[in-house]
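In structure tokens below, several structures.
Both complexes shown next keep chain A, but they swap its partner, so chain B is in the first and chain C is in the second.
Now for the complex of A and B:
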């Protein structure tokens, strides 16, 4: 698998996600979705994982389609109840549009994950983003699972005390979650404090500038990928404006 | 007192955190000779970690409180030294490796500190190789830190501190979260550091890991007393 520079991947992802947000035509959106899936496959992105993440959003197609059908009097009625249109062609289109947009954003994000956080930091630094910002963003991503784990542990502790969240009222559920919130936040702040301490003892921001052991260099294929990103961005923008 | 024989000295040090009324330490004296291994023991809550923070200047730089007496590193008052000048003389490893590893790969992790000190690529490479060798984990260079065991992670944190080539190392209960085998590996590293004339302060509640120590101190009731 060809290894692209994280900067060229980032440019591609920004181009494709932007298209995913502003393109209105369903056919063009489908084409961008196929393109992002192909790019993810090509760069070694974990498509299956991305699709699994989208699974929970699939139900949203129905919700959006029904809401759009009820409140937006466009398109041909496909299904109605007591003369209220529950499903129209326009509503269905909006639902499909939503899921395609989400697919483009999530699948293109998997392309980013094919670079390590160190490569991403260096990519951002070489794109003239201050190191502190690039490093803190990657640190945030790196420690996000830690926060999730902390929340999971709190819920497990709750279960072990015999509290079954499914069986209690929403009011009580909210109250219990509020109780859990405080120790989780306190634990996270404590961990963050320790991380900061460790960073400082290793000379973080000791000098105004810092050197880098990892230096990224563009290869020919990176230039092709950047050019390709620009071409698809301009072409799809042009087609989108023409089909309006 | 700034005797050249001693790398670190603490003279009549008393300390209490700003939020607390009671002093954690009162009139503590400690002289650390170059190339020695010093063990400090004490039960939980006696202030072992606080002592590490004081000796390394984290108190009062990060955590505030009332300090009396003086702590000197190479004759310089630690509380007045800048963080970066302490880091190149004194390295500290904490108990939990999870909060000391920030990078995805071992090599990146070890490059972090020398990069902060603006060393060039060749020098960073040399320091990474040297530290990995000193800790005996050369084959982990391209491993992902997340896939390592607790003991291996702790060895990586030691190696990452060694890249700054400090003369004095403080280990704050670094074997508390590792199994017996990993604990032995860490002890072997400490033993080899002594052969390289490094000075080590190991703080631990477990007395069985103290055979290596030249001097042993015990913290109890706000006092530090020498037991070996």
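Now for the complex of A and C:
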């Protein structure tokens, strides 16, 4: 597995994520998805885990395809009910586009996670981003999975209080969801307070200038990856404009 | 299986993903006529076993029955109505903006009459000596108070079995005594109790049976 500098990975991720957002052509979008999957494989990203995360979103293809088919008059009708088009070729395309865009974004995230948070902070600092902001970004990234875990735990604990969800009305279900917010928000604020306190005790921002033992250096493969990112960004932008 | 057995574990094994830790071939019966203690060294799997017994964690193999029903057929909410579980960290099971609401809301959701909710909630708050805190915001309370609020939240459900994970850690001597007496009272009313604890004095005073977890995942009955 090739070890890349976090900065080159970041440049590649920004390039493919931007392409994933603005490209409209389905074939070009598919090509960008394949490229991001290849890059994730090359950098050692956990593709299987990324795809597993997308599992729940796959069902959204159908929902988006149906909604787009009903409200968007483009494309050939594939299936209709009482003269309402439930599935059109354009609707189906939008559904597939959605899942490809999400795949690109999630796979990009797996590329980022191949660097440790320390490497990522250092990468951002060497890209001239202030250390405080770089640290904030890295902390935010680390907080997200903790938040998901917190919500899952609270939901388990809530059900264990003897709340059987399948037997209750929608109104009560909505009320239960509001009960989930309190422990999650309170827990997150407490964790943030603890982190802030431990940062203070370790002298965060005590001195104006920070030195670092870790200094990142670009290797040949990093230059190739950056060049490759620029080439695909420009080529796909050109092709996208041409196909409009 | 005797007539008082409420939770039965048969040849149960469990392992966490990407971890060396495992519980192997555990079999045990927990009875409603016992106050049982589960002891063992740090990392021996006491909390893990408690979480398996309440359906939070799923075993890799084996069978677990709660009240003669296979745990696999029960939803977590249904388990919660039969077995009350007190987490090591009480903050995990506090949900509402006031102590009273936190203790009473599951009853309200489950359609218990307002009079019964008031009676049950007020009596449990009084019994745990937290009735003066009923309008307080639970997250601002001390650890010991939060623990008693969480305990009230599970006791109000009048479950047939209780699993308490380290219930005495944040309690002073008087409150430990109070908890012990309350558990004895519940026990005399037919509630089975499993206490996961390191508190030897408390265990010796209130528990009739001691289960010891061994480092390699086995379990032994130390005192009956």
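FYI, the second predicted complex is superposed on the first by the 231 of 244 C-alpha atoms of A that agree within 3 Å, B and C clash if a C-alpha of one lies under 4 Å from a C-alpha of the other, contacts with A are read in each partner's own complex, and residues count from 1 in each chain.
Assume a contact is a pair of C-beta atoms (placed from the backbone, for glycine too) under 8 Å apart; a residue touches a chain by one contact, two chains touch by 3 or more.
This one's a predicted model, so the numbers in the text were calculated from it and none came from an experiment.
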Q. Is A:175 in contact with chain B, with chain C, with both, or with neither (first, second, both, neither)?
A. second
Q. After lining up the shared chain so the two structures overlap, which partner does A:48 touch, if you call chain B first and chain C second: first, second, both or neither?
A. neither
Q. Which of the two partners, first being chain B and second being chain C, lies in contact with A:183: first, second, both, or neither?
A. second
Q.
For A:194 in the superposed arrangement: first (chain B), second (chain C), both or neither?
A. first
Q: Using the touch definition from the top, say if A:154 reaches chain B (first), chain C (second), both or neither.
A: second
Q | Which superposed partner A:162 touches (first chain B, second chain C, both, neither) | A | second
Q) So, does A:118 touch the first partner chain B, the second partner chain C, both, or neither? A) first
Q. What residues of chain A sit close enough to touch chain B in their complex?
A. 116-118, 135, 139, 142, 146, 191, 194-195, 197-207, 209-215
Q: Name, in rising order, each residue of chain B that touches chain A in their complex.
A: 56, 58, 62, 83-84, 87-88, 91-92, 94, 96, 98-100, 102-105, 107-108, 111-121, 124-125, 128, 160-161, 164
Q) Once bound in the complex, which stretches of chain A touch chain C? A) 153-154, 156-166, 168, 172, 175-176, 179-180, 182-183, 186-187, 190
Q) Given the complex with chain A, which residues does chain C contribute to the contact? A) 54, 56, 75-81, 85, 87, 91-97, 105-106, 109-110, 139, 153-154, 157, 159
